[in-house]
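Please go over the structures that come below.
You will see two complexes here that share subunit A, one where it goes with subunit B and one where it goes with subunit C.
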Partner chain A sequence: MSAVSNRTRSAPMPGWLKNWLMIAPLLLLLVGFLVYPVGKLLSLSFVDAEGFSLAAYKQLFASDLYLRVLWITLKISLITTLLSVALAYPVAYLISTASPRMKGRLIFLVLLSFWTSFLVRAFAWVVILGRNGVVNQFLLSIGVIDRPANLIYSLGAVLVGMVHAMLPLAVMTMLAVMENIDRNLPRAASTLGARPGAAFWTIYFPLSMPGVAAAAIMVFVTAIGFFIVPALLGSRFETMITQLIIDQVQQTLNWGLAGAISVLLLVVVLIVFILYDRVFGFATLTGESPAGTTNRDTAARRAGAKILTMVGDASDGLIGLFPGSGKSTDAGKTPWPLTVFVWTILVLISVPAFLMVPISFSQAGLNWPPSGFTTEWYAQMWNTPVWTQALWRSLTVALGTGILSMLIGVPAAFLLARANIRGKAALLAFVLSPIVAPRIIIAVGLFYVFAELNLVGTSLGLIIGHTVVCVPYVVMTMVAVLRNYDTRLDLAAQSLGASPAKSLYYVTFPILAAGMFSAFLFAFATSFDELTIALFSSGGLSATLPKQFWDEVTLQVSPVIAAVSTCLLVFISVLIFTADRMRQRSLAR
Partner chain B sequence: MSILNQGWSRRRLLKTTAIAGAALAAPAIWTPSRAEGKRIVVRDDGGIYTKAYGAVFYGPFQEATGIEVVGVQANAEPTAQIRSMVDAGAYTWDMAKISQPAILMLTSGDKKYLEPHGLESDPVIATMPKQYMSEYGVGNNVYTTVLAYRSDAFEGREAPKSWADFFNVEGFEGRRALRKHPFDTIEQALLADGVATKDVYPCDIDRAFKKLDTIKQNIDVFWTSGAQVEQMLTSGEVDLIPTWVSRAQSARAGGAPVEIVWDQNIWGLDSWSILAGTPNADACREFIKFASDAKRQAALMEYFAAGVTQPAAFDLIDPKVAQDSPTFPKNIESGVQIDAKYWLDNQAAVIERYNSWLLT
Partner chain C sequence: MSSSSLTVQKLSKRYGDFVALAETDLVVAEGEFLTLLGPSGSGKTTLLSLVAGLARPDGGAVLIGSDDVTYSAPHLRDIGVVFQNYALFPHMTILENIAFPLKMRKIEAGEARRRAQEALEMIRLPHIAQRYPKELSGGQQQRVALARCMVYRPSIILMDEPLGALDKKLREHMQLEIKRIHRELGATIIYVTHDQEEAMTMSDRICLMNSGRIEQLGTPGDLYFRPETLFVADFLGESNLLPAKVEAVEGGEISVAIGAKGIKGRALADGRLAPGAAVHIMIRPQNLSIAPAGEVDGAKLQATVTDVMVTGSLTKVYMKAAEEELPDLVAAFPTRASGETFRMGDRVALAWHGTDAVAIPESARN
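And now, the complex of A and B:
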């Protein structure tokens, strides 16, 4: 699959055919395994026993419940998005400026919590924030408070849990873009007299916007689908729309109403997309030609530039207040408050994962503080083959999903980022639809398709199902990365005689390596943590790891999950350490 | 109810007697030689249940008949899965352990998603009390919702004894939790308001919500999953909580000071049901007979406080252990049986109203 755009000199085939070939696999995947099955289910909302009917929609609007819950869902998702992006930006920035060695370690910390099940993470927050939890016991012991504070079962706790879950996604997406920003540009600004604040806000920050935009959209649509975290950490007010859909699918078997709620959700998200496009423009993501964008919003752009200049001046004023740091004229140097801030965030997001280590040796179960010492939970894990089986199956499926998502997603991203085709925004919205569509609806729909294809309970079925929900992450990350990629480099290589394939291999891919790694990692990790599809399309046979976690957590709050989490932590650490070592060695050569 | 919720561990096994050995006398067609390589997949509740059933039912059944039984877990009310499997003809499972409301849900429409078992006159099954039987299911376990409380929170003062006490926030101070779902909760409100156990159904929904209004502001946590309940009881997050009894017992077994109020417990039935159209229906019938044997049901008590459905099983169970069983005569007689039909007809409206009530 050639990634060369239709600008190539001697294209052996017509541009439209090439474009089509680049996006066809993605479209076929989504039409076959998303539109068809989900559409079939959603169409149930338009029929009843007699034929066409809008009864489901009448029920939907007869009570204000569904609109209210939808509003709550949007509100929680939006706040989560703002917080995640704001907190993730400095983290991604620092990582992008770090030395390769340090970079590896920082990314490891960012992704640390990602490898334990989201259920474990949610329970970890319960243990940390509970009435007799870690924080309360600490505050009581040092005498700051004399009775336990209410930290959990509130909107605040929900946001903590959700932002925690979303930070890795936001950091990795922005990092993929920041890695490609030419450091010489802010440096040049400094040379020309800009102070560090001005150099950052007027030069660097605008260049990083595609990353911010991509991260915001992905966090937002992912957050909309959350429901377990709000259910475990929230009060009676934090009900998510997905929860209502699941109730209708599982409890009342009213698939018509479930379809109607889903349609409502999809419509509202589409409206949010359109608003986003109006205000910011998908151009920030897909990189329309400069002519197109400048024509569009000159006044707004000027205002934006003005604001950034002001922010730059203000931050220079602030920097001046810190002794020692104001004198620095090197924009590449990291101010120490930033370093402190980022490390605080990194430590905070790693806490839930590390909390599992002491608990896994405790006799007190999933309670704080741990007491006694036992290896019983490890013995239990070791003695049942289900955990290792589930781990291997999850790894196989996640690897397959990662590879398939890359094969399908990367060419599509090249097309979306580079080619001048009409309806790009619509295409992008379509690519994102697997994240927006309620997972349970996809899972039920896929079951019917898999049954026809004899894929129920197979690894291949799971890989296909997971690829549907993982490929948007790959496409979005790669589109954001390609936005900053200078295509003239390819042209230069080709003008020097490289064939399109060679320039792709020797020029394009090496430059995009960091972004591609992020994208792959994300597809891998999303599959590794996916539960609903695994649960539904495998029927419980041949469990994956999240399903095994889920069984363990729902059936008995067994500390075995802490033992498994700790083992995963060690396993992933060793894996990353080894990879790091190998990379170092290959660099040394 | 999230996939997370619902009563995983509420379930217990209860099952009345069957003449020991009768189940072993399977028809010749299922003798080991004929059935070699045959397999049925049973949806159960996972965890301790899969372990107990594996040891007491699945393994011995395979030894006796040569039919392998694989137990798989799924979410608590797997109606959506069963519907999908039968619709698509992809029988990942052959039979399932499911609740009475789920059975009604799957068989009340024109299309029946479950197979009539037709075992009513079988000598093993015939000894099972009528309340544990239905056309599409043979009772295997009774689960129940009780009031549980932390005894350390009520040291030196009167402890709660009824749902009325749970709703009496001044008389019984303490942190309270309530289920974020109307099932059982509506019944609790009515019982607390003085409705007699025999008059709970059909529920007076307005009266129930009026009663619920009185404690709405005093509920510290609305819970959604059994695991959450166990964690809250164990860590002392709340002092009083309505819960599936198995969760309270499990917290107590883990060392937490938890007491259980059995009076006015609200119980429901889990049954073995066969998926409509499965090619292994007859093997499933043999398995149901096998698992309905009183002696085998009694053996489950070694693993957990099962709600056995064969009364004769209690002759074989240590009386001390027996009183933890939801079907122990004293327990079941003081309880209310959940009216599955009532909930099937009313759940959509009541769930919607309850969800709205939560948000206001």
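And now, the complex of A and C:
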């Protein structure tokens, strides 16, 4: 009776120890390579050669330069957020109401842009808005202008690039909430006598608000730490605060001032988050409905309801101006202006990156329109060792990051999704903090710590750094996957004689395989596209692909970049396509 | 109460190649309680959606009273719909939910509150006005959904499996509740369910649907005792269906020869049958008298007991007929206090009255 002896031999591990073992690697990683480096960087702002000093802050506030840059940063981020959310809302709405097949295609389009490197997309705008770019050539050819206009290196160009970069994030964040809104509710409203405008504004819109809020904060926090777009598309009047930190570290090696600017940036982000938590609660960020936080009857709520009722009446009045509309059963269908608008947005967010394809084969270089056919740029890319080395380095680092993130993140996700432990919300907030903390602060802090540990320029250093920022995505994805998993299947397997380990191997993992694979891909792709950490920690000689891309783009704009962009685009498309297939196969089961 | 009749003329709907509803005619009288009954995919929810205006028909017409509303938007139809999952607005209090249809009709806020509070009293939940839907139990949510639908006195109320998510006891309680409200308001109600017991106990008439068509329309008694097709006989309650041939027709009764051996019997039939026609004889389990073999006079069938089930008030005996080609049989009788019953393997004899057997023509669809 081996089963019996087995049972007596292995004394059950105490629950707290098991829980601790599941989360410990993640906590150690975050303490060692997030809390310590960031803390170190911040503390550097309070010391100079002699010890404690506020010299860095004196320098920070000595002129209005830094506050002005902070103001510009906030202004650009805020406008970007407003535009992104406003444009993404109809897109997410249309996707959430589309038929399953159409939905799959639309999401694919959004995901493709979402995963296409920020660098590629920003570079595409350089080509589009440049002196000999697409827009200028078009305007010249139709005779609107007789000389190329200065479109690039302006606030407008920065905003276009920023909104373009953030739209997919906003769509995906809102979609997560809209997907969970019961489609019957607006229909119920219409059977109760609500006209289409009233049904939308008083029922659907308030229910989608958590999604709008989540999208707004995600976009705002990402935008505030952004430097690719303002560096490539902006003039010195659009310098953002992250660029100042990079300059302090890379050019003047003024760690104290870099730390002080980081403190400034961090304080702003913290204020934004505290406000968000007060109003909406963090739970909405992970897609959980804020249980227990019942919205009591407040004056603000009533005022909101009143305004929405008025907006609803107004839009119904507008609809009523068009004879016949809104009175037939077709009223439930998507109105065609909305469909046209959404497709325009979708085309606009996909097209820039695809422009790289014809340009990469053009003999005219980066000039528009492309002419002739050549593979010269690809040959140049292939024959330049820095590019091939960068490619290998990126693949190695991304693979290492994917594996390490899974090893650390999956057990933690199991714990967070299933165990009932105290302080779970705080733990979740801590685990997700690498996403919301400005990436630049993590990157600079890591650079400092890696320098102490001699990890600068090593693959190991990059893998550790990337794992810090990728692991939260793995945890989030896996928690969502596990929430949909019926744990009774494990109990069934165990009641049928499987040990916990065997039921994990034969039942749990096979069912979760697709979800785990997409979590891995998420980590892989994030690492593959990561620039900020690589910018510092990859050292001068062992650049990753994004770092190499960045160095090239900031020094000279060459058609080889278009060839590299095309390769990245194809690579990402294949990745998403594979992930999508995996997901569909798991759904079909 | 402004209740209205409903007329459906040649209404049809397809989704691609799938015929969700074949051309259908139906008239529901003012104040009637009509149930759409049928298995899933039979078209009952499609018919309901077309009447509610939540889907657009491919052809035909829907009239409420004498108004043609075939292509009108839902909010212009003056109907009420109780959804399967209740569809209460999660961001509004119960009172706001119930007042919503009044607000949409531009009824002054104070008046709307007063009427919503009245509706809450009608469903006997006056104390929950300020709560939110997720704070209520399933049964309470169900009653709020009813109140929200009744508060503006729509001329027709449509209910889509409103009790599907409730447990058996609560469901029975709610059935009585809905009947009470129906009586008090005199509303015209169209009720969708796949639960035949629910349909039998609640309806004035049942419209039994199958593969996008009306299979039979009539009172619960009509459908139960005079099924027109095998499908109806099979769907409503248990029944024994014996293949037979008509030998003679005498008014409302016929004599038949059952099975290959031609066992003689009598059955009720409508006038359409002619001698020689193939029919099925339907006998309900409780009309089949069962006795140990050789103890009954006029026994018609011999069988062997394969299973015995005591379901509480009734004892059911499952049997295999001695004649190979006949289907398995079931008989039911009130459970005896002594607990005395049959055992597996017992040989039994079966008999029935000619007035308890109903002939169903073979030619009918199915």
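Following the convention adopted for this analysis, the second predicted complex is superposed on the first by the 318 of 589 C-alpha atoms of A that agree within 3 Å, B and C clash if a C-alpha of one lies under 4 Å from a C-alpha of the other, contacts with A are read in each partner's own complex, and residues count from 1 in each chain.
One rule holds in what follows: a residue touches a chain if its C-beta (ideal position, glycine included) is under 8 Å from a C-beta of that chain, and two chains touch if they have at least 3 such contacts.
Keep in mind that this is a model prediction, so the values were computed, not measured.
Engineer: Please tell me which partner, subunit B or subunit C, touches more residues of subunit A.
Structural biologist: Greater contact footprint in residues on subunit A: B.
Engineer: If you stack the two complexes on chain A, which partner ends up touching A:Pro370: first (subunit B), second (subunit C), both, or neither?
Structural biologist: neither
Engineer: State whether A:Ile228 touches subunit B only (first), subunit C only (second), both chains, or neither.
Structural biologist: So A:Ile228 only meets subunit B here.
Engineer: If you stack the two complexes on chain A, which partner ends up touching A:Ala198: first (subunit B), second (subunit C), both, or neither?
Structural biologist: After superposing on A, A:Ala198 lies in contact with subunit C but is clear of subunit B.
Engineer: Does the superposition put A:Pro500 against subunit B (first), subunit C (second), both, or neither?
Structural biologist: neither
Engineer: With both complexes overlaid on chain A, does A:Gly161 touch subunit B (first), subunit C (second), both or neither?
Structural biologist: In the superposed model, A:Gly161 contacts neither subunit B nor subunit C.
Engineer: Kindly classify A:Asp247 by the partners it touches after superposition: subunit B alone (first), subunit C alone (second), both, or neither?
Structural biologist: After superposing on A, A:Asp247 lies in contact with subunit B but is clear of subunit C.
Engineer: When the two structures are overlaid on chain A, which partner does A:Pro206 contact: first (subunit B), second (subunit C), both, or neither?
Structural biologist: It touches subunit C, and subunit B stays clear.
Engineer: Would you mind listing the overlap between the subunit B footprint and the subunit C footprint on subunit A?
Structural biologist: none
Engineer: Mind pulling up the subunit C residues that touch subunit A in the complex?
Structural biologist: 52-56, 71-77, 79-81, 83, 85, 87, 89-91, 93, 100-101, 103-105, 130, 132, 134-135, 148-149, 152
Engineer: Please name which positions on subunit A make contact with subunit B in the complex.
Structural biologist: 63-65, 68-69, 72, 119, 123, 126-127, 130-133, 150, 153, 227-228, 231-232, 235-237, 239, 243-244, 246-247, 249-254, 257, 365-368, 440, 444, 447-448, 450-452, 456-457, 531-532, 535-536, 538-541, 550-557
Engineer: Which bits of subunit A are touching subunit C when the two form their complex?
Structural biologist: Touching subunit C: residues 182, 184-185, 187-196, 198-199, 203, 206-207, 294-295, 297, 309, 326-332 of subunit A.
Engineer: With touch defined as at the start, can you tell me which subunit B residues reach subunit A in the complex?
Structural biologist: It is residues 1-5, 8-9, 41, 43, 45-49, 70, 72-75, 77-81, 83-85, 87-90, 92-93, 105, 175, 180, 219-222, 224-228, 230-231, 234-237, 250, 254, 347-348, 351-352, 355-356, 358-359 of subunit B that touch subunit A.
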